[in-house]
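Presented below are the structures under discussion, each in the form of structure tokens.
Two complexes follow with subunit A in common, the first pairing it with subunit B and the second with subunit C.
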Partner chain A sequence: MDLDLTPVFYQLFVGLYRASIYWLIASGLTIIFGVLRVVNFSQAVLLVLGGYMTYTFYNLTGSFWLSVAMASISIGLVGVAIERALLKPLYRVDVTYQLLMTFAVSLILNDAMKILWGKLPISVPLPSTLAVGIGIFGRTYPLYMILVIAIGFAVYIAVLMLINRTMWGLRVRATWRRPEIAESLGINTSNIYTAVFFLGCVIAGLGGGLVIAFSPVVPGLGDFLIVSAFIVTVIAGLGNLSGAYIASILIGVSESIFTLYLPEIDLLLIYLIMAISLMIRPQGIFGER
Partner chain B sequence: MRRMLGHEIYSLVIISIATAVIPLSREPYYIYLSSLFMILSIFSLSYNILFGYAGLLSFGHALFYASGAYSFAIFTISIYRDPLVGTLVSVAVSLILALLVGVLTLRHGRIYFSMLTLAFGMLLYALLLKWRSLTGGSDGISGIPRSGFIIDLYDPYARYYYIYVFFLLVVISLYIFHRSRYGLLIKSLGVNEDFVPYTGHSVFRLRILAFIISGSIAGIAGALYAILMGVVNPDLAYWTTSAEPLVATLIGGSKFFVGPIMGSLVFVVITTYASRIAEIWQLVLGLILVALILGSRGGVLEVVDRIWRARRYSGLRI
Partner chain C sequence: MLGGLSVADENRRSFLKFLGAGIVGLAVGVAGGYALAPERVREIIRTATITQQGGAPSTVTITRTEALVTRLPRDTIKIGVLGIRSGTWATYGTYIEQGARLAVEEINSAGGILGSKIEISIRDEAADAVKQARELVEQERVDFLIGVDSSGNAMRIGPIMPELNRVLIIVHAATHRVTEELVYRQGIKHIFRVSVPVYQDGILAAWIAKDLSIRKWAGINPDYEYGRVSWEFFKTTLKALRPDVEFVSEQWNPSPGTTDFSKWISAVMATDAEGLFTVNWAVEAITLHKQATELGLYKKLKAVFNPMGYSMDVAYGLGKDYPRLEYGTWVSGRYVWFYPPTEINKRFVDAFTRRWGRLPAYSAEATYTAIYMIKTAIEKAGTLDLDTLIKTMEDMVVISPAGVRWIRPQDHQAVYEVPYGRISGNTINVGGEAPLLTDIRAVPAFLYYRSPPDYKIPFIS
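Now for the complex of A and B:
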């Protein structure tokens, strides 16, 4: 029997693309949680907002990559505003209130986006140089998806290097381990918190810019993305960067494969993986504790 | 908590008398609003067992609300046509679900719990959308019977007092519970979890207990909602539904027994008089939340309590 594996490879590839989007949310969640001990519920909503901003900047400038860059920075600044104005007063209060605050922010942003950009799906045309396919083993793979997967991986390497290999990363790690001692050594932990939040939000904004060029963005999109990103980080173990990258790929790829073979339950599969993973390793596959 | 105990009983009596006499107005709209208030109160009281008592922030409490509503609808339509039996079945279904979800979510830290409850809530939402043959997909289920073999709720007044009886039952039993031994133990989870093991109790088991009680009472609220509306749809399980008891509880004050009830009252009034803002409902909920978290985490009742105590100089402590 001649088994044609091309569709499987293609689904694997689509899964990697999907995984990269999850990763662009989960990475921000992970570094923000790692350092600030805050789960940023609004991470996925910020990604969607990044998509909308890319759309607006694209209409103004006409350049796709410039718009993505501007949107990422803007989302970073929105993040800084959220951290400084809304989260900072809550660091001394119980953790649930910080989570509640980011939850409230995502409720607000969800509707604000509906008001500003309407309820209809919006997309940005791909630059013509990217809207091509690459033929591999008789099947064409969109170049843009390959690029997004590569960017996802580049973000992973970049964040890892930034935190593990730079002086600034050392300060971040010091703040993460022992905020009080870091403070006593002259590190401005308050600035570190804001900078890390900025970084996490920039990645979300980048993700939004990348998504909107490929699939249209609608206001409710963030609701499902945040659930997937939560599942990814829970499976990985909260605060574990490499774990989050691997878990994103695990979830993205298996979702994609199941869409091919069991389309009836593809929506439910991710929860099934979560439940099984929780039963086997409650602390997360890569979590220690 | 303790300081307003005396006043809490007064306010409970006032509320139960007020809700009892509302049908005398013969105004269908007031009766409807009062029913909504009672259902949201039950839902919020159940929510506060987790949030205010055990210190667990759930983003998926709509799971039990929706499971109560759907199991009522499915049971009364296709198995046995009776509201009372249907309500009891809803409670049982929600209880079993709470046990299952609780075992999977409560072993972890409180942050994990919040994230996982969101995921499980959305799991039910996805299930309700996908399992068309049982749940009717995005259309939901309509034509839920109100009359049955044992009791008849066809009359709107009968329906109202049916909800009222459950409202009273829930309020009284939770009032007794929150001062009971296990009620206090669950509250101690919210104060300091690390000390609980010294009492010889398992944190996990106490959390499970809180979760089961909370989930099954949310199931009652869901069943009553199905009776009141006659229709159910998947939005009941969406995360924004979980935000409603949360906001109501925060408005009233999570540290007071009557907090969720007072909050529900304010909540229903706001939603009614601002029905024009239905389009931007999430935005309003979010803004209220931000204001409460930054301004008054103890809710309206804490503000009242503070004013009261400043006047009386702590003379009324019980």
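Now for the complex of A and C:
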């Protein structure tokens, strides 16, 4: 049998890379929705902003990883500012207003990026130590992509541990389930909200930093990424962290495989998966938690 | 006697005036490099009664000619400019704006069009192109519309031009359907296009690709009108010229909006393709080239064709890192800044780089030319009457930075050629680093432009 499977493996690999980027948006969406009940429409725009920040820090420091770290923290702080100043006053009113507010934030950030960094695409060169390939079964796999996939998985494990294995995580879970009771037990839910928003935005910032070394960022990019991220979270079930990780991989990999075998309708198929999953399990494949 | 003398004097002076006007007109024509309007003269017939000393008054007829100074009905000519000013392709709106402003500044500082100043109003076609076009005409009362980056928008605005009762000069949107269907078949005479259509992207690319020893081609193209049409033209032309070629992979990326081409790149890598054809443009071209290099596709392939790959945003965006494949990275534009090496082009490039700090993008040149075309047409017609202007523009020969453009009367398409070239290892630094091209190949426009069915070129089948 001379069926060569390397192209398929490569396609799966590329799908995993894309899945990791979706995951870095969807994870933030998921924890923020889970705890705050806010659908953060600006999540992907914050990822793009993270890319821009990485670019600026890179020009200042010349170190890629330092810039990614600084950008992540900065986006976290931007997130805190958004949560405290713009979302907090809206917690008492209908959720639609929060969605509208995060949508407004994404529009404002998009234009702000245009003013600050211009309309041209911007990217950061990959550090030369990372711009190498690793040969596996006669095909070269870019080291950087392997790293991004690994970081995506590490983020998944870290967030899971943070929420399930730490004292702080316990408070988050309490707030996640029953905010009123958590409040009555002396948990400062307001701080938990801010901290979770910070965490979600840090992950988005990290995603932006990782993206910009492979694909350039440009104002408006977030509007496209958010669609895939929403599909992921809807399929997973809003607020389900493990579900979101698995759904990211499912979407990223099936996108990739469809492209290889059914390039004419690959875009349609993703929406088809979403439509079918909504019809069969409107609460998401893995259910809302 | 006194009266007689004065008449003779006046005659001589007006003759000198006439001569002077002719010389001035000629000089402007040469300096501008645009087709010169024919000298307009008018004959003035006057009768004068001369009383001679001691005799009866006699009547003489005096005839003289003088240059006619045409004045337009208003002091400002308003031109509405449409370009993409937001989103992924926003840089292209800037290019249109830069070309428009440069032309307007030049023309206005040289006295305007028959004494009237040009005023431009720029709108974002990404924000409902039809609405913007309507508002420009109905509220801002512009006399002309120029611009349009997107083929889709051109197909939407085109059909309402007769209703808006204005001329639209397209400077970028490339679908052949605008000129072949709207102008030629539906007879919408209000649309003109000064930029090369997809014949450049699909047909000419195939003319050049046929000479490379590549048999298996793949395509990664934007999934809309422009991408579909260009790939189709490329395939059918190449197949006709080289029956042995095969097309082994066809990939379609959403556009605008693709920043990650990895899955299409790896899908092409899964085949035994030797050459890649892609009409991805702007940011998406830059991204595709970068990622195809990083993922190793360009190590596997022998050549890549990217018809709009020498648009200046892509050239500057990739700079010295523009990937170079074994048989070449073949690129072009709807105008490339160094071609043809004429005085008028050199002057344009100099003026443009002085004004904007970078080499001119193709749509900047086309917009610049469109405004000069309006100027020439008005001067030639001497009126703002739409039908007269359309008649004047049809069959017009425009000497422009991109070369001699002939406005083909049947489909209102400017016929001129733009070359392809290979990305070389050398760069030029004008406000940033851009690669220079080598191996420049041009094919006469008559050979690769599709022609209206009733239009026959002698000796060419």
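Criterion: the second predicted complex is superposed on the first by the 286 of 289 C-alpha atoms of A that agree within 3 Å, B and C clash if a C-alpha of one lies under 4 Å from a C-alpha of the other, contacts with A are read in each partner's own complex, and residues count from 1 in each chain.
Keep in mind that, in the parts below, contacts are C-beta pairs under 8 Å (C-beta built on N, C-alpha and C of every residue); 3 or more make two chains touch, one makes a residue touch a chain.
As the structure is a computational prediction, the values presented were derived from the model and not from experiment.
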First, second, both or neither for A:Phe224, with subunit B first and subunit C second: both
Partner chain(s) touched by A:Thr233 [first = subunit B, second = subunit C, both, neither]: first
Which superposed partner A:Ile280 touches (first subunit B, second subunit C, both, neither): neither
Contacts of A:Gly133 with subunit B and subunit C, given as first, second, both or neither: second
Partner chain(s) touched by A:Pro7 [first = subunit B, second = subunit C, both, neither]: second
Touching partner for A:Leu267 - first (subunit B), second (subunit C), both, neither: both
Touching partner for A:Leu100 - first (subunit B), second (subunit C), both, neither: first
Contacts of A:Glu255 with subunit B and subunit C, given as first, second, both or neither: second
Subunit C-contacting residues of subunit A that also contact subunit B: 114, 223-224, 264, 267
Residues of subunit B touching subunit A in the complex: 51, 55, 57, 59, 104-105, 107-108, 110-112, 114-116, 118-120, 122-123, 126-127, 129-130, 238-240, 243, 246, 279-283, 285-287, 289-290, 293-294, 297
Contact set on subunit A toward subunit C in their complex: 7-8, 10-11, 13-15, 17-18, 21, 114, 119-121, 123, 126, 131, 133, 140, 142, 144-145, 211, 214-221, 223-224, 255-256, 259-260, 263-264, 267
Residue ranges of subunit A in contact with subunit B within the complex: 33, 39, 86, 89-90, 93-97, 99-101, 103-108, 110-112, 114-115, 223-224, 226-227, 230-231, 233-234, 238, 264-265, 267-268, 271, 274-275, 278-279, 282-283
Interface residues, subunit C side, partner subunit A - complex: 86-88, 90-91, 94, 223, 249-252, 254, 256-267, 269-271, 283, 286-287, 290-291, 294-296, 313, 317
